[in-house]
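When the chains are written out, they are named A, B, C and D in that same order, and each has its own residue count from 1.
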């Protein structure tokens, strides 16, 4: 800990899979980033399911637990709140936390709709707190380096973006109707769950989205109703499924894009692509070079650039290592392997660094809101079967 | 030659790059397929440029040459006509040839528009001649095997198609304004030049296209005007380019699709993707398995299928060889390498087999026309910024 | 923590790169494996450099520090010792620790020579303590699953092994003459540093090595002498390098193998392969199937197996996930990315599980000794320019 | 045809698989290389099996056929002889042809042993004829470009070579005991059949081989005896196999190398590697860069080179096209696919160009002889279990 830096006291709200993922990152912050980071104290975990709350706190290293998230938001000793709940709880918690003067890190998508997200932006702005949205994938060294290359002009003018997030766990029809399949709780389906990450990549790397033409489809239209509340973030069939419920969100979202800078783009997000496990992938073509990435090989960036001998040109498979952005603290050599844990670690590091030194967070709630707006436009476009503006105002 | 099979006398119309590609295939038909094929006689090559006509005939093994394609169509001794001209000449030549009772093989796209293509279909039907369109890529063993796997139900119900044709030769702004950049001659740009192949793959592998939402864009808006007629099919800058002309076709075509069977799809075709050379690639997801292909590795098919041990599941890189469809005559082992030549060879073999035994050709003019219709719909959709039906009637 | 399980108190000896890597694993054990694991207490870190010792203890979460490793070995409250020093210190520390009744985890290679390693085996046996050697890579789910497939007979009879460990950091001639380049401290160069991991893979997956023909070479024969003791495990040029010293270890080790079961093999280990960063890779051919792996894509196992349709056969790219051995606790889906950290985590888990439940450790000191014996044989073979037995007795 | 160039009249000796492969290349020479090449006339094919001779001549485009190779060698109108027989016939035919003043192209390996090959070299030298050996793979644009990069110093000093030729067709134990499994006819097994190509690559790209340590093994020790003479070059089980015969050649050949320039190397050649179809692959590490290649993706060269930004360094996947050596005449764009046919085409082109303009051929009989010498040394080394010099004198 840097002398003089105040310990930051954190509360975590949510006890599912993402609670574990974030907790792993908290656990490692000190080893990777001390003494550059302030000390982070894991004060309390809130989770409505008491059993999950208790074991989560114990296993994930949180000193205390509660079943009521207000016990965190209302605790004057807590500096920052980390929200890993289902999507419908993001707004009420984040707004309450901001109003209570707490810095907020909220999982993605920021909210179920653009207007809901907008309220969160406004609350955070009014309160003057740091407000970050958890688009962790952009923190991977390969992605961060891609942005640097683009910023350096290595690709020239950007012409085309193709982005995907393909998974296959949705193919199992016996997978229960968790909140991820319910519009009321999740907002959208594949679009918000995984497509949102692609939109984040598109904005991070190419620029603002101007308009969209979207196609949403639901192939698996019914799923078993769990008798009781399903375990958040967990796709397994809970005991006691008795009957089928209706899936009212998309499981495939395919989109054409037009960016403000004139580039064209396309996005495909589906949880129904056999063999694709965590295939968050994109390719960007400029008029001078290209970049490509796939999270399933998260240490690699593929880069095509001119060479003084055109015969020597080819896509380069760059293995990220200590020289790449965000890579210095990970491993002393390239090729040791970094993944989801490391991307979340860097996200949290950036959050706490911003709190400590007052610098802006990125991605912030404004980013989170724009992504929600673009998703709203995609939904509307799919209904109206036409292009629509990606800007609400 | 099978005894009793009549020699087939052929005329080739066009003297550019595709004339060489087809001639190579003619040259090799005998060695690969004799004695199962009738003997093929290369009677005459027609090309409006006399110099090209003479040297083309000599080098490509055609007994005679002419600068007037009617010398082929009107020759009663000629059985079949192979058309490798710019697109605007496809219809007049094919229609005249069909009316003269000749079998016709026509390069793709079949015509500049659906209605133009429809006249070709009608003429061929009326004449009762074999009428094939040159979508050669589907003849590659990897693609033909993909179709077999789908037909066998290995992928289950098809859910999604993603198809691309990415090249980068269009990035050179000094590349001259050949006919490929002129709507009057080509119909469309990337869409018809390379996107048409993707549409062929989509229909061949997934099924008929029901509706589309397209986005066409032209990034390189001007190109040098060659003083004289550019060499057909050749991208090199002809001598004497003096000033710039307007490119009035797309160089990027991005499309959302809906298939008759309910599957969703997307297509991206561009000649402006640095590092992509002949990247005709697609992925198909069914509810039980997936397939993926990229022409740049034309001997490979990627196939994901269930295994009795789910831990052993992964995309398989299948190297095509003698066991795969169309592979038996190529090499005695997999991995020796087959490419564009072989795909054209198989296309021609199928054309002449059909002539010899009366069986239907595939892809036929009807396929070629449907692809033109779908392209018309994409153009209209791009103008109207909405989904449109892919069927004219 | 399982009730009734005693807390295990650990001392770490060494303060370099591997101290950080192990400490990261200690930090995460609880989150990943609680409550199945006993509680692990990080009691003390020993490092001869006082500055490193102090900061290491603080940053890596060790309660106390010392510059004298005997303060750990002689501490009766400590249950287990973890040795991450340069190779020459492995034997004295491990032997003293075992004699003091402590369980020992020792980094690889176990010792500088076979006889030195043998003394360690004997001491541990006599003391009846758990004695593990740190070949972590075999713990990766992909490698553990490969072993299962082989054990299930999926490859049939093993015929051939090809193994590599290729890096490129040794190419920098200004890299200082750290202990890794000194025979007196390291034993051998690339052979023991990285080749040892390949030998571990070979024995783990194929079986015992019967004889070897080795070729050792040193291309970079001199390196800058650091004025003071170089930072252990750190390849950076320390301040004050004044003159060149002699590298008396190999930087390339190439080996032919014969296994006890008749299989043939080859190994190549080098720190001079431009572009290869952490390329620990192997391929195994049986008479019924093949497996291939590369640590640079540590989540992937490549598997070729017969299929009822031989046309559907191809190397499968398996993405490891929760179903694979050692994978259940990592991520709920495949493709999230696991790497060096996770492999070390599993190594430590196995060590402490064995201490807790009395089961044997693997890889144990006997494995470590055999690898040293095989390396001795490789060195002798290279000198004598002939095949030698890989067994000393 | 260039005016003034004399037509070259050729006889082909052998009627198996390689007869077809060469004939395909002959068929295409004119289309690819006219008018730069003299006209090539396929005069006569010799094959001891009369049925094969007749159908071979007809299908492969040879004007005449004979069952006695002396009808070619003794024909004064024939300028050049192309030998595609089993290995034991190479020397008698080539020597007779050279003495008759004919240029000779002989398939690889040049002979069964170094001394036998030496006689061929001497006969060709004495006769002053062009004498080429058929190592076609080095003619692929990717390989030829690799050599250029090395010659330009792009890799710096060469340190290591790793070369493989892996196939799997030998795994089928019912594959008959063709001449390829008989030492008397073939000389060696995998070593001469496929390993010879790797040695050619090693010498072509790295330099002369100084010494070797080899390990030969035969895993499939018996194969069905065909009642009658097996079809040359054909691995299928002939009708009437009655009993098993002994395989007296290697099916695995694994080798350590030392080059004259100090580089180290290894070679592995096997026909028993499941899933590897035509895996002729190599990697070369210099002290400044690396190259890698695999024939199964024969259009790709992998190249690692320094970049002014070390973060942008990665293996480049170069797709060969018209700019690469030997590529100009193939396709106008990269990525169309070239394979075995094209490599043989270039080999023959070079042979006939040398005949036409008097320039030296490469690879010549001297190369073929050196490869035989190195293979002799590998065999001796395997017997004596020690390193041996790769030079006979």
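Going forward, a residue touches a chain if its C-beta (ideal position, glycine included) is under 8 Å from a C-beta of that chain, and two chains touch if they have at least 3 such contacts.
Because the structure is predicted, anything quoted here is derived from the model rather than measured.
The chains touching chain B as well as chain C are A, D.
Among the remaining chains, the Cα-based centre furthest from that of chain C is the centre of B.
For this pair, chain C with chain D, the centres built from the Cα atoms lie 42 Å apart. Averaged C-alpha coordinates give centres for chain A and chain D that are 54 Å from one another. Remark: chain B and chain D have CA centroids separated by 35 Å (rounded to whole angstrom).
Counting partners per residue, chain A has 276, 313-315, 319 as the residues that reach two or more other chains. Under the stated contact rule, the graph of chain-to-chain touches is complete, every pair of chains being in contact. The residues of chain B lying in touch with chain C in their complex are 145, 149, 300-303, 305, 310-319, 323-324.
On chain D, the positions that touch chain B within their shared complex are 17, 20, 23-24, 27-28, 30-32, 34-35, 58-61, 167, 169, 234-235, 276-279, 295-299, 319, 321, 331-342.
Residues of chain A touching chain B in their complex: 155, 159-160, 162, 164, 166, 171, 213, 215, 217, 219, 252, 254-256, 258, 262, 264-266, 268, 270, 272-276, 283, 285-290, 304, 313-315, 385-387.
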